[in-house]
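Both of the next two complexes hold chain A, though its partner changes from chain B to chain C.
Up next, the complex of A and B:
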């Protein structure tokens, strides 16, 4: 058993995370020197999950969210997708292992992966609406969010959801408010089987290693850790029985990365675009300085008057 | 005989010193300025969300949320307003053989040597390219814009389609702002032009210098303004 995080003291403690710990802010320059804190991570061991949805309930409860009553859609996945209120969601997949012909029930807790290289943050146009703390947590600042939905396009995992009520983006915060006072996320606290554990990223990798060894000894020869390098690694990691094919777990991306289209849009387009517009304006100004105005001459007016007068006389009118 | 392609409703000559030529009707001018104001507001609000260094421009619209809300609606206004302009102006903007000549002598155009250019209809090739460029880009912008209109249309397309729409929207916006710069610069550079869109009139000399073919057509047609001769 992974040693549980002790309950907090009742005495007030200084927060462990603040604005001074931001390593990245959306649509802003790099913050000045930040003392890097030990990166944290949540490890979700899919092989230990029993699908009880205690994590989903704990998430709603801690974050004071209320999911609308939905309709049954034929699966255990409920609600059918992430919503602005459901920041985490158990996704249930029935998968027949072609090697053993066994039905395997794959239950993956979906939610923000807290990428080291966050696509949402790169796509966000509102300064400071998306931030990354030095411990790796990627968080949304709703006071600054403008509801444009760019984060949705930037995310390689299709996680953020825009509320139709307040038009702001919502996703898992990794319970940054709890982590700031030395606690683990609410979902981890509620998990009855320790399928969710929380600690430093190093600890989590070590713990995952033991789990993978155990799974391999039980015949899951492709068991492994999901910490995709395409996004610089993530601060939410999975232990998967079949780490060679993540996509069987309700479409977990095999090789997630920020879309090259988003990179092109937020990279070269942004700078070249401003440059081209600036150049056009400058070229106009230069042309005017060099060539001067294109003026109508008195001869032009005289020619026009002559032509109009000829017309008048041929029109038979004085 | 059918009327020349480039004579638009309201175009007329008033003899005098100088000769005055009606170029744009009141309707056309109102239509133009609604489009112009929309385009400028769209450019400002769009640029605010395009580059972080311009985010402060959201303050002009009441903040980031308001900018995000209002930008697409201004786009809708522009789309319909421009559609009106398109219906007014498309015929006079059809490509003619003298436009090719004008394009080949672009050096003379830039140098202001009008005497080396062919006589032109109501619009020169540059104006026609602005017209067709705006028309094409506005179609691209409204289409890609609807795809990325999060509040109402997010559920109709895939995220991958929305990513493409974002890139296309940004590129088309840069292009249309450049076309707009050309349009505005030409109006400033060629003196006597702006009154066409304010008072609706240009002088005969301006018409003679820049759009002589159109001017001749106006003079030889019976459209001599309100004091003109009646049809036989």
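Up next, the complex of A and C:
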């Protein structure tokens, strides 16, 4: 058994992650010198997963998300896709192994992979809307998100989803709020079979080795770790029974890479873009100088309340 | 469970058959993944569907629902033919050499003594030959033609791998693979655990399904050892507690029994409960029955239960039928013979078979009282919900009273888990609105009744008027008070008979264990098997020390396990006849030359010499039973019987329909589809999904997100045959009702070849209804037949017949 993370103390503790731990911010220069903290990782062992969806439920509850009650769509995958509220999703695939003619029911927990080289962050034009901590967690700062959707284009795993309610992008945060106080993510905490474990990336790789050995002894000769080098490795990794064929697991990319367009954006184009944004910032500053700070009118308040009410009734984020 | 959840980590082979542990018991399943990951244990799943358990299994074999006994008797035949039996264990610890009475026989699916009219047996020949010394006659050489081993060998010889395939639809090679994996565990250093649940109980021969595997476990020497056992995974978090407390019409707490009409007085009652040992030196622990019974009566009626009135024996009801089980209750309701029904934490309109019959029965009640934390379908049975619940309130006169109760998380108390652990829990929230604890509500009813009986008298007010009710607040007995009462206490001082100055038990103190209970009225205990749970040392159920010396999985300081904090029952059988562990790497207890010692509480008298006293101390034989005498209504050995609704006739006994002694009410027989019916050609089964818990969680938003809508599962082949689209609407109907559902066309169900004929399976999850947050849908019990197991009346939910067609869905 992987040693469980002890429950937190009830006394207040200083957060272990803060802005001082950011190693990257979208559309910004490199932050000043930071001390790299040990990279963390979540290891999802597909071979131990029983598809109970405790992780999905814990994610909704910890993050206080409100997902719609859908309809049956011909699979156990519910809802049928990631949404701004469903940051993680069990994807079920019925796969007949051509070598043995045996059915295998592959159940993969989908969600943000927290790439070491995050395509979303590179694609993001909003300064500081996407950040990466020294421990590897890639997080969204919704106050700074402009809802442009570039992160979706930039993600090789098709993870972020744009809310139709507040027009912001949402994805798994690896429970950065929990990790900041020394806890593992909610999904890991809820997993009954330790199909999800959490620790330093080194620990996770070591743990995975033992699991792969066990799987090989059971005849899964291609069992292996999914930590794709095309994105610099990930802070969410999978143990797969058939690591030679990731795509059989509901389209997990065989060799994910950041789109060349995003790479180009990160190069020359980005500075052009930044110029445009600099202009916008300048315009804003001028606006401030001329008109003063924006005030919230009673009308704005009313609109905001209406929006909030709509959100609740339409089942957005709450 | 004979063992515990935590012990499963000690196993070499997990067989999940008659259950779906990963899906229905995901938290406990962690011990299976633990055994696999750390011991290299293998997991085998045998199920009509490729379940979530199968998804993580090393080997999966399909089986037609309702044919488990044919499969398992086939395994026994395989073990005997290939001599894969742990002989040292079997010879020492089972009745394999006992001689069965002359006159006992079996032919064409029936044992001697069958009465077709009564649907019952005269079981007098199903017993041992008794010698002149009063003990059972034993032939340890196994040469006697009527010894249990030779009878068993003969009985199972028909179940060849070929016949198993013809009956069960399990391909022969898959059957043989599973049998050989099980056979490996006949080694004293390899163990197999059986994890089963309602996939075995919900059949008209459910008890025999389980018994059959228990016999295999005995032949393999897997009972009483670490990583072995018969492990019933209970379907509710406290259903173990329900049976322990005897919440059934024929039981008294602690598996004592309610008297019958044939036992009008105490002597008659005790005459069949003496449990004289059937072999020399045996403990035959039920010899203490009277101590437990008298202590129970003292807990109930205190000073009113005296030696002079036979401990208030007359206060107990006397059964005129074997039991007033739920099926019988609804039958009586339907006949207008039961007028008032208290429904406490129970939603029978969803949970029992044949919804139309249940609704008709409820409509004949004068009063229905619902005690539940949730809104239930049963409470709303009279309300019209279109196709989902067609009712005409103007024609229903039943008065329905709903009393909202607290939820388990709003109350202190204990839950008994499958491993017999009584785990105390603390209130985590305050109840909403006017919700009250069940104990408060029952106290109100009791106090009012008591007052009325005192004032107005009645035919026999004594049992109510004299009921002990010594609670600080009589209007709301506290969980601690009730737990202490179940544990038991000393009523009056007891002195050492050899030294009258020495006080052995002091009045008013909690008893430390059931070992001190007495039959002279000086002790009281509400449930003898729980004695030790709340002693003078405090609430043992609240212990939370998870230390586990040498990682045996025993966790003796965590909560309290009945009986006597023992974690693996029959644990004396973990050693050979000389008291040495079969497996040194998995020691549990052992004989140190003077006494039994070890990691667990020994399940034997501490100084009982290993060669003298058998490990199965509750049995008068001291050993376990491969031949179960007359203790089960449907036979001393299991027999393959088809479900009452079966796609094929019984191959081994074509004339026998269903279980020949299962009780069927007259009107219900008419509502069974014929054997191999053309009208209802498909074999259906019903089951749970991980995302939901029975009919509760459809009230919860998150659970409803995860599995929102009613569906049925069918194979690609059947879908093609019937032009059914995945996620398209279908109508499914049985002889009792019709439902609309979405279809899930899946590779996880395949048609089975049964005696040369394909049998299609239709899988029906049980979780939907007309109340709650999830989409309105149909419960599976619209379709299921009204018949139960021959011994304990658990409904046959797992095997019945339906038809299916594509549809455009329900018209609201």
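Just so it is clear, the second predicted complex is superposed on the first by the 265 of 318 C-alpha atoms of A that agree within 3 Å, B and C clash if a C-alpha of one lies under 4 Å from a C-alpha of the other, contacts with A are read in each partner's own complex, and residues count from 1 in each chain.
Going forward, a contact is a pair of C-beta atoms (placed from the backbone, for glycine too) under 8 Å apart; a residue touches a chain by one contact, two chains touch by 3 or more.
This is a predicted model, so every value here is computed, not measured.
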item	value
Which superposed partner A:105 touches (first chain B, second chain C, both, neither)	second
Partner, of chain C and chain B, that touches more residues belonging to chain A	B
Partner chain(s) touched by A:117 [first = chain B, second = chain C, both, neither]	neither
Touching partner for A:193 - first (chain B), second (chain C), both, neither	second
Partner chain(s) touched by A:177 [first = chain B, second = chain C, both, neither]	neither
Chain B versus chain C as contact partner of A:153, first or second or both or neither	first
Residues of chain A at both interfaces, chain B in one complex, chain C in the other	none
For the chain B and chain A complex, residues of the former touching the latter	13, 15-19, 48-52, 55, 58, 63-65, 67-69, 110-112, 114, 148, 150-151, 154, 159-160, 162-164, 166-167, 170-171, 173-174, 177-178, 181-182, 185, 188-192, 203-209, 215-216, 219-220, 222, 224, 229
Chain C - residues contacting chain A, complex	22-23, 26-27, 29-30, 33-34, 36-38, 40, 50, 52-56, 58, 60, 690-691, 701-711, 726-727, 742, 744-748, 773-775
Contacting residues of chain A [partner chain C, same complex]	1, 47-54, 56-57, 60-61, 66-76, 78-79, 94, 96, 102-105, 107, 192-195, 210-211, 214, 217-218
For the chain A and chain B complex, residues of the former touching the latter	27-28, 125-127, 144, 146-150, 152-153, 158, 162, 164, 167, 259, 261-262, 264-265, 269-270, 273-274, 276-277, 280-281, 284, 287-288, 291-298, 300-305, 307-312, 315-317
